[in-house]
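These notes open a run of structures that come right after.
Two complexes come next, and they have one chain in common, chain A, joined by chain B in the first and chain C in the second.
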Partner chain A sequence: MRDRSLQYVLLVPAFVIVLATTFYPLAYSLTTAFRDWDLTRSRRPEGWVGFDNFAHAFTESHFLNSLWVTTIFVVTSVALTLVIAMSLALLLRRKGRMHTFTRVVLILPFAMSPALIGVSYRFMFNPEFGVLSNGLAAIFPWLEGTAWLADPELAMAILVLTDVWHWAPYMTFMCLGGLASIPRETEEAARIDGASNIRIFFGIILPQMKGVLLVTAILKTIFALKMFDQVVTLTGGGPGTSTETLAYFIFNVGFEWYDMGYASALAWILTAIMMTISIWYVRMLLSERKMATA
Partner chain B sequence: MAEVRLVDVEKRYGGFLALPKQSLTIEEGEFLVLLGPSGCGKTTTMRMIAGLEEITSGDILIGGERVNDKPPKDRDIAMVFQNYGLYPHMTVQQNIAYPLKLRGVDRKAREARVRETAEKVELGALLHRRPSELSGGQRQRVALARAIVRTPKIFLMDEPLSNLDAKLRVSMRAELKHLHHELGVTTVYVTHDQMEAMTLASRVAVMREGRIVQLDTPKKIYSEPADLFVAGFIGSPSMNLVEGHITGGRFEAPGVSIPVAAAERGDVVLGIRPEDLELTTAEAPPIRGKLYALELTGEATLVTLREGATSICARGPAEFEAEIDAACALAPRPGARIHLFDKTTGQRIAA
Partner chain C sequence: MKRILLWWAERALLVLVSVIVLFPIAWMFLTAFKSPRDAYSLSLNFTPTFNNFVTVFSHPWNLGDMVLNSVVVASVTVLIAVPCASLAAYSFSRFRVRGRKFLFFLVLSTQFIPAVVIVLPFFLMFRQLGLLDTRIALIIVNLAIVTPFVIWMIKGYIDAIPTDSEEAAMIDGASRLRVIWDIVLPVAAPGILTSAIFCFILTWNEFLFSLILTRRDAVTLPVGLVNFRTERGDLWELMSAAGVMITVPIFIMALLIQKHFTRGMTAGAVK
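Our next item is the complex of A and B:
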């Protein structure tokens, strides 16, 4: 019995550290969300303001803009990543001589730090000396002199590009795993039954990939919702506020404008969005599981 | 219905010769079983007929038409896989209807045809289930129904029963045989189970290391195996094979002396099936040895004798009892078939 209580005693330090570093700040930010706290005025949260901070968010165009920017970013980057990952997985499925080589090359983008990806893409799209801006201008002369990151749509496109570039390879591996788990016979049976390749893909392979694609989509959506690094190092949220994602906006509110109460409220709004989407995905996933195993 | 002909077909994977050049004709309406141990090339042969595997050289003809360059869907075949190959996201009904749907059969006709086929394999009540809700036997029935629903020219079956438990396998075997009788479609069937081969086949092709070593009726393969491999592979318990030599019209080996009608020679292998041997109390018995094991199978007792390195099994009466290590004697039954093989080539020696 003494051994047993000793076990718990030994767990206490780790438990305290976890509580202190995650649970406490989380709870603190939740209470802060309901208080007025301007860091330039006070070192501690001040009066309680009820739901004012939340209400403020939904009347402020700045926040609504960042919500819209985030939505566009999430939808395009998740969709593009999934399509590209699935296509690459189909191409890489057959084991060829280049098999190992291509897989190693593929994982490289994922090994890079997102902040550095932003920095390097900013250089590559520099209108004067960027390798991509100059390369594109060499192939398509009418692009000569395009200020890529100064155009709201183009800046967003490049932000999406860096994120897809970063994530698609990793997601490709997830899709490869999914493809490998599909019994070869179902595809061959369909070929004999008379299905064309396109039909086999949409009618036989894709339905069996549903579970894997859902998990991939959940992960990608959550990561896209948090998009921050490349915004800081690539666009700085600009031009204007055209690439100001929610995470970047919250950071600005908190650490540029020092409005901690408002920033906390915003952070909890983002959390609520993530949870809602996750629950929705997991529900779909569970009903999918049910179909597959019941 | 159609005949299938493989003419000088060869299969290589890079430099590796999987199937050496050989020909095979499967008659119209025949039930041909490709039998052999795993890795002997039987499945590859079937997949080449299906078009799932390309051939390196030679020709494959179905109903007299060369199909080398035709994709599987244009060969008018249907295939049943070992792991069923059912579409997990579709109901039984949708699974069976899929080949018809792909061939543009309209909805009404499709439903009628599916219902009719499902009844034939006793799936009528399960049409709205998904494959994951079915037992192994039921799944295999769905695979069968999907194969027969559009009455193809050829059925290909790749070890369709080997994922089922022993009891179910026997009853499905009878169903398959009945189905073949009813539909009369040319069928190629791959298995490593010699019992399945014997019971189902009109002809069996025994394969070994990519080659067909014997192609004949089950009866002929059982009674006149072409070589030592076939002799040892077909029959359960398998044929006794004893190495020895022939002198003075008798086959001689330690503990064995059996009269044979063959010329004098050394290095021969004598083969005799357990059911062709009986226990004897004769003075100078042809086979003597110590009792090694007794195995009651229900309707008989398998009696195994040992003498030196020689081990011989006989099928004795169920009531037979004796002590292990007791001296025991066997003799060929009247009319027993005695097989002789060349020890070095393994080939059968004509009697």
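Our next item is the complex of A and C:
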């Protein structure tokens, strides 16, 4: 077979899968978003309602709450993950037996099921027999009797904690990859000239890591916006609606209330948010690259 | 003096990091071997028992069925996604396909789509087709998430392979397919294996699809965890035993490919 046709033939199986499993359902859900379809009422989609489903979202306090919850979750978990990942990468970049051991250990959280992470933390923060709730109370007596997951702010904090625990190690490896590609000469020259570690980090390492950190930030933001599993197994959206993220809210609308039209519209709002943020990040990344090559 | 202090501080930090990562995992493993009464105490002084594992594998929990579902769904997804993705990745890497950038962007853009968007229409379709609560349904939706990701990853590996020997073989008259099979595949094998294991991990841990699309027959392990939340409260010792069953195979895989693992994470992403 000639290359010219082969290059397309090779793409066919993968594209059949991608088109059938993502673009077809996307089209389906886009049309559903403009219809009135309550699954408890009817098995088939009912009338077209234009933008009603979208308009409904922005007047509903439930949805606005979930937007706010998602914003808090994404901002804190992305910021914490990036700072921790970058620091760990600096810590782990040297050679040594303990460094190697820690690097191996860091593979584990990514491999662990997020649903299971939620369950484990729920267990550890159980007010009566949780090892962390009791351990913390032993060290800090004023925490005695704290009902961790029954407090809106603490529940959110633990939700963020599980997510950072899950992702920071993975992101550390990305940062390590970035650090490895920076030439060491400038850094060593600066060190010989007597520059302090802090100045070396902000003056030499950080500027060269910008690209990698941006990619890491994009990925982490996407993952954080999609985060769903731990909400189910850790907090169930509670207490009240204090940890009800957008993804979890959509799930509720679709599979607790069976309002397919509204759920599809919400799902598209989430997609639009993710697309917008990604495009914004990618633009920053591209201008960064231009500056670097100029 | 300052140097010694720093040396110790660095070691202390490393230990702290390892403890933070290992503690939740270790606690789950310990709890899995505790009797129900010990599970509700914090004592480390207990007689280990295998009872929890016996319980979760027997009626009414039947964890064995879920293990089987998870194994089948994850393996079949990998067996379909990885070969298809490898071919596509080769094409993206070596040919200047017309509209290549657009096609590749199309593949990548699927990563920005939240799973909730995909699962809603699939739920409706599978309901019509009577495919709810089947493994086939889970395999189809998992392919949606995994295939683009694997194309991206494998392309990173193939990009890193020099084209010289391929070109030499082609000049000697070998066909393109022969070149892919005899020259590229052996070199790319570690990368493809790593991608396959990544893909397996993602599918194995997948929760949302299984939660929505299964009820009883096709439930996979992560969703099975939710079953241990009963009217009598959460049965932590059984949840932990099930957690061990979910975790151990994946940890073994992750550690087996440990060296490639960290490279695989960065290969596709940083480029």
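Everything below uses one rule, namely that the second predicted complex is superposed on the first by the 270 of 294 C-alpha atoms of A that agree within 3 Å, B and C clash if a C-alpha of one lies under 4 Å from a C-alpha of the other, contacts with A are read in each partner's own complex, and residues count from 1 in each chain.
In the analysis below, a residue touches a chain if its C-beta (ideal position, glycine included) is under 8 Å from a C-beta of that chain, and two chains touch if they have at least 3 such contacts.
The model shown is predicted, which means the values in this text are computed figures rather than measured ones.
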item	value
Fit or clash - chain C, chain B, common chain A	fit
Partner chain(s) touched by A:Glu188 [first = chain B, second = chain C, both, neither]	first
Contacts of A:Ser113 with chain B and chain C, given as first, second, both or neither	second
If touched residues of chain A are counted for chain B and for chain C, the larger one	C
Touching partner for A:Gln208 - first (chain B), second (chain C), both, neither	first
Centroid geometry (CA): angle chain B/chain A/chain C, rounded to a multiple of 10 degrees	80
Partner chain(s) touched by A:Arg199 [first = chain B, second = chain C, both, neither]	first
Contacts of A:Phe173 with chain B and chain C, given as first, second, both or neither	second
Shortest CA-CA distance between chain B and chain C [superposed frame, angstrom]	11
Those residues of chain A which chain B touches in one complex and chain C touches in the other	none
Contact set on chain A toward chain C in their complex	1, 3, 6-8, 10-11, 13-15, 17-18, 21-22, 24-26, 28-29, 32, 88, 91-92, 98-99, 101-117, 119-124, 126, 128-129, 131, 134-135, 165, 169-170, 173-174, 176-178, 181, 211-212, 215-216, 219, 222, 225-226, 228-229, 232-233, 247, 250-251, 254-255, 260, 263-264, 267-268, 270-271, 274-275, 278
Chain B partner contacts - residues on chain A that touch it in the complex	183, 185-186, 188-195, 199, 204, 207-208, 210, 291-294
Residues on chain B engaged by chain A in the complex (per definition of touch)	50-52, 71-73, 77-79, 81-89, 98-99, 102-103, 130, 132-133, 146
Chain A partner contacts - residues on chain C that touch it in the complex	10-11, 13-15, 17-18, 20-22, 24-25, 27-28, 31, 39-42, 80-81, 83-85, 87-88, 90-92, 94-95, 97, 103, 106-107, 109-118, 120-125, 140-141, 143-144, 147-148, 151, 175-177, 201, 204-205, 207-208, 211-212, 221-223, 225-226, 234, 236, 239-240, 243, 246-247, 250-251, 253-255, 258, 261-263, 265-266, 269-270
